[in-house]
Amino acid sequence: MSSTYGKIFKISTFGESHGRAIGVVVDGCPSGVDFDEILIQNELDRRKPGQSRITTQRKEADSFEVLSGVFEGKTTGTPIALVIFNEDQKSKDYAHIADKFRPSHADYTYSTKYGVRDYRGGGRSSARETAARVAAGALAKMVLNHYGVEIYSYVSQVGAMKLAKSYQDLDLSKIDDNAVRCPDSEMAEKMFNYIDQVRKDGDSIGGVITGVLKNVPAGWGEPVFDKLHAELGKALLSINAVKGFEYGSGFDGVELLGSQHNDAFFTDENGKVKTKTNHSGGIQGGISNGEDIYFRVAFKPVATIMIDQDSVNEAGDAVTVSGKGRHDPCVLPRAVPIVDAMSALVLVDAMLRARVNKL
Amino acid sequence: MSSTYGKIFKISTFGESHGRAIGVVVDGCPSGVDFDEILIQNELDRRKPGQSRITTQRKEADSFEVLSGVFEGKTTGTPIALVIFNEDQKSKDYAHIADKFRPSHADYTYSTKYGVRDYRGGGRSSARETAARVAAGALAKMVLNHYGVEIYSYVSQVGAMKLAKSYQDLDLSKIDDNAVRCPDSEMAEKMFNYIDQVRKDGDSIGGVITGVLKNVPAGWGEPVFDKLHAELGKALLSINAVKGFEYGSGFDGVELLGSQHNDAFFTDENGKVKTKTNHSGGIQGGISNGEDIYFRVAFKPVATIMIDQDSVNEAGDAVTVSGKGRHDPCVLPRAVPIVDAMSALVLVDAMLRARVNKL
Amino acid sequence: MSSTYGKIFKISTFGESHGRAIGVVVDGCPSGVDFDEILIQNELDRRKPGQSRITTQRKEADSFEVLSGVFEGKTTGTPIALVIFNEDQKSKDYAHIADKFRPSHADYTYSTKYGVRDYRGGGRSSARETAARVAAGALAKMVLNHYGVEIYSYVSQVGAMKLAKSYQDLDLSKIDDNAVRCPDSEMAEKMFNYIDQVRKDGDSIGGVITGVLKNVPAGWGEPVFDKLHAELGKALLSINAVKGFEYGSGFDGVELLGSQHNDAFFTDENGKVKTKTNHSGGIQGGISNGEDIYFRVAFKPVATIMIDQDSVNEAGDAVTVSGKGRHDPCVLPRAVPIVDAMSALVLVDAMLRARVNKL
Amino acid sequence: MSSTYGKIFKISTFGESHGRAIGVVVDGCPSGVDFDEILIQNELDRRKPGQSRITTQRKEADSFEVLSGVFEGKTTGTPIALVIFNEDQKSKDYAHIADKFRPSHADYTYSTKYGVRDYRGGGRSSARETAARVAAGALAKMVLNHYGVEIYSYVSQVGAMKLAKSYQDLDLSKIDDNAVRCPDSEMAEKMFNYIDQVRKDGDSIGGVITGVLKNVPAGWGEPVFDKLHAELGKALLSINAVKGFEYGSGFDGVELLGSQHNDAFFTDENGKVKTKTNHSGGIQGGISNGEDIYFRVAFKPVATIMIDQDSVNEAGDAVTVSGKGRHDPCVLPRAVPIVDAMSALVLVDAMLRARVNKL
């Protein structure tokens, strides 16, 4: 188990889906940050269940408590502990799958690795764990606000429904205008209806989230192993259900010639070095170059479905896993704040690490 | 700068393209490993320049020296230092671009981040650095051999030329049978001719490498942040020119329904728990499940081309960057052993970390 | 700030003296440990205030809550969060020193380093923080119990009163028989009376704690930097008020000749390699050799005294700091469980790290 | 094995006493440092064997090569590899103890821990390893020079011969004026003669080194675990033969009352906050307070002596270990530059870490 992320702005998350609480300790947050409780709660609210009929109906207020590290409205440089006590712990819901391995869940691998397993709602492997990430990410955002960094992510694909427009052609202020978190209202409606139909079928569907990081100054990212995009990749791949990550030109870019793909430098009217195109995705040699950073993250369909499935139990006997309880037919809308949070955590750590590059 | 990778099997690489030497220190290799110098040299030979007319003609024997950590043919548990002295240091080749930012290279970002920059062949940002990774990766392979783990990677796409067959339908023993390192000889020939044409045009082209990791036992990978696929993603994204990573069903999997995507468990004739399909790509909840691990890695076209390009210099003035010197028109064939190496490094670290999971 | 300790059994502590709570997250505890709540509470009780008239009269039950990581009485391998909510938060006690730097406290250095400072009872720099260490250390002890490792520490000196007997001549089962935690009852009584007199004088006094670690198997400790005694030294020096650490022959050993100091090896009746003497203190080359590990830790007199002292305030003006509130005249008796805890944390990490030494 | 030290200025050392080379990779040195090869060689010369008749007569020039990370006289921010090839590899000297455990050496513990062991001169456990630390420490000194930090250490005790003067009463510029490295010439002569007599007797003797760190600004050190003195303690305890560490008032301070020990603050003529006394040793709450940092380090007598000793071999049989070869009768004079180096490494890391404390 490694529930610690970050080299300087270091977070340690804890908690199980149906345990007493989930939370996070942030060790390494600079002192002097105006602590904005509302920002944290807003981000938690964007992730919490029960936002619309296309998300799980589990009831959680997801309100948090600050246990340490903040004094008279400012961070003090000491560890900040944030805790969310679980309210809706219907453990009995899970008795029927206590010794069964749910297909494409982590039941089998946790059981093999640890010998014991908290089977209630997936325990530690539940996406409920990400609430702690969102709280920590909101803290990271507070720090990044001082640098003018802006973080956006939105749903750009659900199943085969793919938004044709690039991020430059979208109004990113509209991401939260609909339940899907797609800033194109027309496409958002189609996606909503599709997800709702999948829900009624007791099934689930995947999709893609696009992330955009604006105003990141040149110089963040630590090659050769902790390149900025490598850290983003790791952080985003660590989110439940993620199967792929690409940035800049990504997988499509492999079909271009170098003469098409290279981003020519020029100096703009303010004397700033810029690139004419941005196939690089704002990162060159693993270091931000001042252009927009953009990337795409693939999410598989949620493993929990309301349809009977073949499986085995701890003893290896064939069993049927029956769908039951509450679930998200599509994780994408609620994953948007998680992608934001992980992006913020990567950036704040990169920013702090860049402070020691030069004498 | 962070040139250290791994939590337990920890490597620290060093060296610049045209400096005195490149190398690696491995701190944390277990004692008692039969040290196989030939395996290391073989892997270095697979990566070295000048293998065929579609790779750079730089002359480097890439022979290595062992400075420490091995005694009477076995690793002793102490740090193992491997060094490759640079032979072909034609620094004068680079005088013409000493103060110019080559498009889509790391010249601008290194200059901004560090203030000073070794401009000779890209200095530390050169892919020459990966020779040290390959040496360390060969050491990791020696350890993994004891577990029967097999590591394969091959070129599955060059530009728009995409191998239609999945890895199951290929003979992975044939990867090194041709200069492209595509195990399908027919496709390999087409790719070779295409790369050769791109080379003649002074241009470059990207592609995709597919990786396959066989016989990885269930239980490797450390959620929630150091999930096995997240570590693979980071390690592979840290390779020069990589723009994307996906594993299992990847980006295509987002279009499937949960009922199509889920991998049903069953018990095989030997009492082993297996899955009927493998959309999960051998990893569930960030932990290996015993099935094949497979993934795809996207490489952009090499930034160095033989065609004049617009750019700016350190002073911000508009300049022309002229192609000159030796370069790879397509990095993919030489990147195969690097993908192998990074995969091996991720796996050996995951294996060692898994030793402390249980009481 | 770095409130994280350990490479594998990694703890992150949080909390201020007069904040909402203090606590710890343990990331890396193996699964399958029988979770013994009583052991944790016992250790906390040994550290808690108000045990006798020679300790501070602050009222804290120091009862803890388990927030995660334990299921059906066993650790699951996931992070274990333990929280102690503060009860006795008399912040008003500290208004009079809000902008004053108390002599030999951390007020000035925290203020300089972080710009802001939680002045209530020293905030994060208070020894109250060590309650979280004691909770984590109790968890470490549960793991070590499986290896038969025994951890003892006791007060061997208070001011100039020094116990002449070595640890071999004491009954270590009697450490908790008196309020001083000195296993020699006669000396304990003298120490008690002396501390009580110092208390009445409004003053404070230092002392030495001796630690003894029995049944540590040969092979723990990671040279060349993380030698077992170097880790013990760091861990113990990180406890509030500690000024020195020595192990084995320590500072006195420098006066011996090599021919006197060397520990001759022999093979005992069970075929086990032993040493005739143990000036090495159970550690050779930074690795345990199977003999008893013993060490001494020096604690300065507590900085808080009931006597007026000269100082300056945040503005640099001369001020008087008046003694007020509750304090320990001698930290030693309550520091014993903290020394135990840090020793346990060092050993459990060393034990887990030793699992990856050999192929 | 853990041969990596430092969180930001991270060093990885490698090499065995009689292997091909020893060396170090520094990952995290800031760019823009004027690289001073002479400083490095000077420090290595202070540590090298054969300086006088009271040090070992092994012949090693200890000249180093720079393999990477320096360009046109400046550090580039990339890893700096420094290598010292071993010249005097008289391995045959060690054949007679190949399977014997030398008393109070690390032979037995390495053998137990790793199964295999490079017996030539102690292999990795030899103090020869510290040459790499000295090279890295010299690099750290280059960085600290920009902050005006001064590092001194000297021999203050050999056997029972103890320098009565405190560091304030000594001329620290005279440390290198004699072979003993004691700045008091009269005492130095006595120590020299004593060590020489011990040498003639084929025996060895221990001693104490006092360290003084001047001009360290307030604010360095990372509580609660990486307190500045805790890092110093660990770093110094990791040096071969060290048995104890104390700073400020140390072990003697435990006998003082709080009213005697506390350091009163005052504001000096320049408006700087100072303390009237310095029992704190320049560190309060684990953070430097701007006063001199001073400490003492205890070294045991060298384990290698020219006198026959009882021991056992790998098979457990009783054997005699006969003294042979070249050795230091007292490690102190050559340990002075090592104490300097470790102090510098601790300080440079603390300096860089302090850069991220505040927003």
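General remarks:
Each chain gets a letter, A, B, C and D, in the order it is written, and its residues are counted from 1.
What we mean here is this: a contact is a pair of C-beta atoms (placed from the backbone, for glycine too) under 8 Å apart; a residue touches a chain by one contact, two chains touch by 3 or more.
Values in this document were obtained by computation on a predicted structure and should not be read as measured data.
Of the two chain pairs examined here, B-D and B-C, it is B-D that is joined by more C-beta pairs in contact. If you match contact pairs by residue number, over half of those in A-C turn up again in just one of A-D, B-D or A-B, and that pair is B-D. Centroids built from CA atoms put chain D at 26 Å from chain C. Centre-to-centre separation between chain B and chain D, using Cα means, comes to 39 Å. Work out the mean CA point of chain B and of chain C, and you get 46 Å between them.
Shared contact sites, meaning residues of chain A that touch two or more other chains, fall at 1-4, 13, 28, 31-32, 75, 77, 113-115, 124, 357-358. On the chain B side of its complex with chain C, the touching residues are 8, 28, 30-33, 75, 77, 143, 146, 352, 355-359. Across the complex, chain D is touched by residues 1-4, 10, 12-16, 19-23, 25, 27-28, 31-32, 65-69, 71-72, 74-81, 83, 113-118, 123-124 of chain B.
Those residues of chain A whose C-beta lies close enough to touch chain B in the complex are 1-5, 7, 13, 101, 103-106, 108-110, 112-115, 124-125, 129, 157, 159-160, 198, 203-208, 218-219, 221-227, 229-231, 233-235, 237-238, 243-251, 253-267, 271, 273, 275-276, 279-281, 284-289, 296, 298-305, 307, 309-312, 316-318, 353-354, 357-358.
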